[in-house]
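Residue numbering begins at 1 within each chain, and the chains themselves are lettered A, B, C and D in the order written.
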Amino acid sequence: MPTWENVRADFPVLHQQVNGKPLVYLDNGATTQKPRAVIDALVRYYERDNSNVHRGLHALSMRATDAYEGARARVAKFIGAADPAEVIFTRGTTESINVVARSYAARLKAGDVILTTEMEHHSNLVPWQQAARASGATLRYVPVLGANAEGGLDLAALDRLLTPQVKVFAFTHISNTLATINPVAELCRRARAVGAVTVIDAAQSVGHTPLDVAALDCDFLAFSGHKMCGPTGIGVLYGRRALLDQLAPTETGGGMVVSVDFEGARWKPAPERFEAGTPNVADAIGLGVACDYLDALGRARIGQHDHRLAQLAYARLAELPGIRIIGPAGERGGLVSFAFEGVHAHDVVTFADEDGVALRGGHHCNQPLMRKLGLTSTTRASFYLYNTPEEIDVLVASLRRTLKFFQG
Amino acid sequence: MSAELTELYQQVILDHNRRPRNRGKLPTANRVAHGDNPSCGDQCSVYLRLDGDRIADISFDGSGCAISQASASLMTTQLKGKTAAEAEALFRSFHEIVTTGREPEEISDIAAFAGVHAFPARIKCATLGWHAALNALKGEAAPATTESHTD
Amino acid sequence: MPTWENVRADFPVLHQQVNGKPLVYLDNGATTQKPRAVIDALVRYYERDNSNVHRGLHALSMRATDAYEGARARVAKFIGAADPAEVIFTRGTTESINVVARSYAARLKAGDVILTTEMEHHSNLVPWQQAARASGATLRYVPVLGANAEGGLDLAALDRLLTPQVKVFAFTHISNTLATINPVAELCRRARAVGAVTVIDAAQSVGHTPLDVAALDCDFLAFSGHKMCGPTGIGVLYGRRALLDQLAPTETGGGMVVSVDFEGARWKPAPERFEAGTPNVADAIGLGVACDYLDALGRARIGQHDHRLAQLAYARLAELPGIRIIGPAGERGGLVSFAFEGVHAHDVVTFADEDGVALRGGHHCNQPLMRKLGLTSTTRASFYLYNTPEEIDVLVASLRRTLKFFQG
Amino acid sequence: MSAELTELYQQVILDHNRRPRNRGKLPTANRVAHGDNPSCGDQCSVYLRLDGDRIADISFDGSGCAISQASASLMTTQLKGKTAAEAEALFRSFHEIVTTGREPEEISDIAAFAGVHAFPARIKCATLGWHAALNALKGEAAPATTESHTD
């Protein structure tokens, strides 16, 4: 059982030097590190149980199947889904959203509206542009308020935009660039009132805050294992059972068919219907163990920890000369995005790396939003359960040194 | 041979597998349903002659492992003459037996399938014919597939 | 460096008892086991380098990017692709084929023909049925000859079927059910003569035999890591560069776009164009190490080893009463598929498992072929580099015991 | 500051970054090309006035890190007055410098970019403006993107 006192000891990668300095990993928005328990689960699987699932009757295959389906049930519990069949394993958030968007592309028509927001990650934006193009539907955006996007979504505009023509409303839970926490339950409620299906991008939230699909009453929810202490290459699409069974599969092949002849095929119900081919068994199992790990620490507590670090970082960074911080000042997710007058994010990141600090600089897959804010890039520090206030000291000292170099 | 395997392939099962009862199409059937287990290609069709609410006659046809064939064969002997409600109750007992291994209080041939519970991957084999029969009773046109059931 | 003498020691999973007997793993057609080197590569990545790729400028991200792109280059070398950009990482064979089939679905039209064969795995069959349906193209099958499919593809029929209307010809290299080795270079040559694009399903061949896309001169080639000593959840689509750059991506999102605005997006060239979202970094690296492992042993030698075991198994099994072996009698891949009069494959597999022998029973995702042969299922024993002649003795003894039980 | 970082941010580079030369649209340009680095959002437009085969005038515009901006700025000073062939030869030298760190025999300001080779992820920054310039010379309409180059 992990404890807060020992949390850093659980993550082997943290205990290294980078450029002669202790690693300060503040790139958790891009991907999080993995606790020993998750790494061990992969090793154990490959050393003891590795086998193909579903179609096997021998001991290893039965063990692998039980572990894989056990991981599905574990993930269902993690997000409050009543039925494990509502959990579809994908490669990650991007694939999950593509599955929904492609399926809806085949059902929407001219006159229908797909609604999303101005703060979406490219992965919750481009698939909807493609779905709109393919179906003839119109894509609309809920605006973001404020010169620094500090005002969040324009909920008054949402009232006007949420017409009965809206068939799908896709939005992020926590913005990976702004740290905005959207009122997702409220957004789902409003969408339901006009009969729109809701798709939540939970990439930045599911590992950082308690989350319950039944309480949110959303229709679809997408996330990535690698952003919540799990392995790379595994993610989830949650879908309401009644909707999943109507959706056409977008990928076909072995494992998802009831029967095949030379003329055609019949599909299994969810979840198999959406999992063509041999699944990523080992990493699904690893994801289940990541759920155990996070729940043992408690996601409410993790959220508080992240929030506290983000608040501290915000306050300390605000003192730096020429800084512009974007996103809300008060309640926010565990990251801070900022830009300096006259010093580019790339140079900031290169200098920070010299000090062992891992930051991300760029458009954070949020180009349209950046353009709206008149920015081409920001530097982002994103926190997770193993980060400490002392690491923020290192960050601030590194930034001061960079500013001194460039601003003189 | 291990105790588990002996339990799984009891004499009753082997006997029904070798000499299936009520096998083949039922010319007088007024209901039919088809079931398949896509994991392994097992198939089972069940033919019923319903007389009001009562199963006047029943047969099965298909291909599959010893467990699935014996189960379907035994099932036909058990369901003949039963009402739909009785058939459903019997399936519930059978399901309880194959998933828990607990034998029922009344002595019955279906207890022979208690050994299945030690082989979870085979539960689908044991219930395939039953699912088809229940679908036939309900008059469902869509083929039963073990994948849409939780067992 | 692995050696043939020590090969079994490299695979931790093999050294266990199943039902009180030493594990005899003969389910390699479904998935292969992983050598220690591959497992270690995953652990090392997560313990030292884990980071998101491509968009990062800090030390871990640069290391992860180098390792990921290094794996791409390694795989390119493994299959003889001149340009690493021709290697696209996917989840596996099934996804790889779906990517090609979906892209061609958008380009084909009524009157066009998609050609495949009667011996395809569902994963190289159903996606083409879908592509034909979506585009209005016609799907045709090259017949398989012989009551036990021992005659392979009907090459005379192929002559008639390969008309200029054929736009795509998709076929397997080695059949996962019959063990047939198709003359793939010859098939590519004939397809090229009528201007058809070729898609090879190399799931059962790439880890078992030397393979060179330049020598084959194929247009696309698909395979899975997990069937060649690599991790689950990673596979490859090789595509000829000139064709890849014409294909529309089927999945969109972060990482595959040059620029995005609220109206639309522009794609990067291959390979990024086909890798939307965070890739499966760890498992791609693991796949690269699997390539090292197999090449150190030598795929020509592996192929001989498999073939010898398959020949031995064929000869020994042929002596069993009431057996029917399908597929070619002579040259064949490393597996044997068979059925017994009066004993179902499932019962065979359950009995074998009692003896520690892992076999597969069922339709092997080959339902139309099975139906053509008048079978609903077979039992399959499939071999790989760590299997031994002694294991075939155990297999045969187990089968005899089963036959005795059921046939009396 | 480490030796590598000092090498990367040489005085020449800092100077060009702070006071870029030939920056802004060129009103008399008869060729223009745009480049972007999708990994980080760096952008660079290069404007040329070609006189026959010779670059009579050149300017750049865009946004990006110190390396990309200084490189584009320095490039404009180097390319002015050169023929297309000379420009390509110069790019080959520059490319050699940033990828290997080997300084050229002739003394030249472009040697200041030798430090880039220790930071492979920044090579794209250093070459962005050059790629745009070469595209402008070739009259290619499509925007240059660092992703379609191997560096």
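Rule of thumb we're sticking to: contacts are C-beta pairs under 8 Å (C-beta built on N, C-alpha and C of every residue); 3 or more make two chains touch, one makes a residue touch a chain.
For clarity, every value in this text was computed on a predicted model and none was experimentally measured.
Undergrad: Looking at C-D and B-C, which pair shares more C-beta contacts?
TA: B-C
Undergrad: Please name the chain that ends up farthest from chain C once chain centres are defined by their CA atoms averaged.
TA: D
Undergrad: Distance-wise, how many Å sit between the C-alpha centres of chain C and chain D, to the nearest whole number?
TA: Roughly 45 Å, centre to centre.
Undergrad: Could you tell me the distance, in whole angstrom, between the mean C-alpha positions of chain A and chain D?
TA: Spacing between the chain centres: roughly 36 Å.
Undergrad: Let me have the rounded angstrom distance from the C-alpha centre of chain A over to the C-alpha centre of chain C, please.
TA: Chain centres of chain A and chain C, defined by C-alpha means, are spaced 31 Å apart.
Undergrad: Could you list the positions in chain B whose residues touch two or more of the other chains?
TA: Within chain B, the residues that touch at least two other chains are 39-40, 122.
Undergrad: Counting only residues that touch at least two other chains, what does the list for chain A look like?
TA: 19, 55-57, 61, 257, 259, 346, 350, 361-362, 367
Undergrad: Taking the complex as given, what residues does chain D use to touch chain C?
TA: Touching chain C: residues 36, 38-40, 120-122, 143, 145, 147-148 of chain D.
Undergrad: For the complex, give me every residue of chain C touching chain B.
TA: Counting only chain C, the residues touching chain B are 19, 343-347, 350-351, 354, 361-363, 367, 370, 376-377, 405-406.
Undergrad: Could you pull out which chain A residues touch chain C in their complex?
TA: Those residues of chain A that touch chain C are 12-13, 16, 18-19, 23, 25, 27, 30-31, 33-34, 38-39, 42-43, 46-52, 55-61, 91-95, 97-98, 102, 118, 121-127, 129-130, 133, 141, 224, 226, 231-234, 250-255, 257, 259-265, 276-283, 346, 349-350, 352-353, 357-362, 365, 367-368, 371.
Undergrad: Of all residues in chain B, which touch chain C in the complex?
TA: Residue list for chain B touching chain C: 1-2, 5, 8-9, 14, 39-43, 63-69, 119, 122, 125.
Undergrad: Would you pull the chain A residues touching chain B in the complex into a rising list?
TA: 54-57, 61-62, 65-66, 257-259, 268-269, 272
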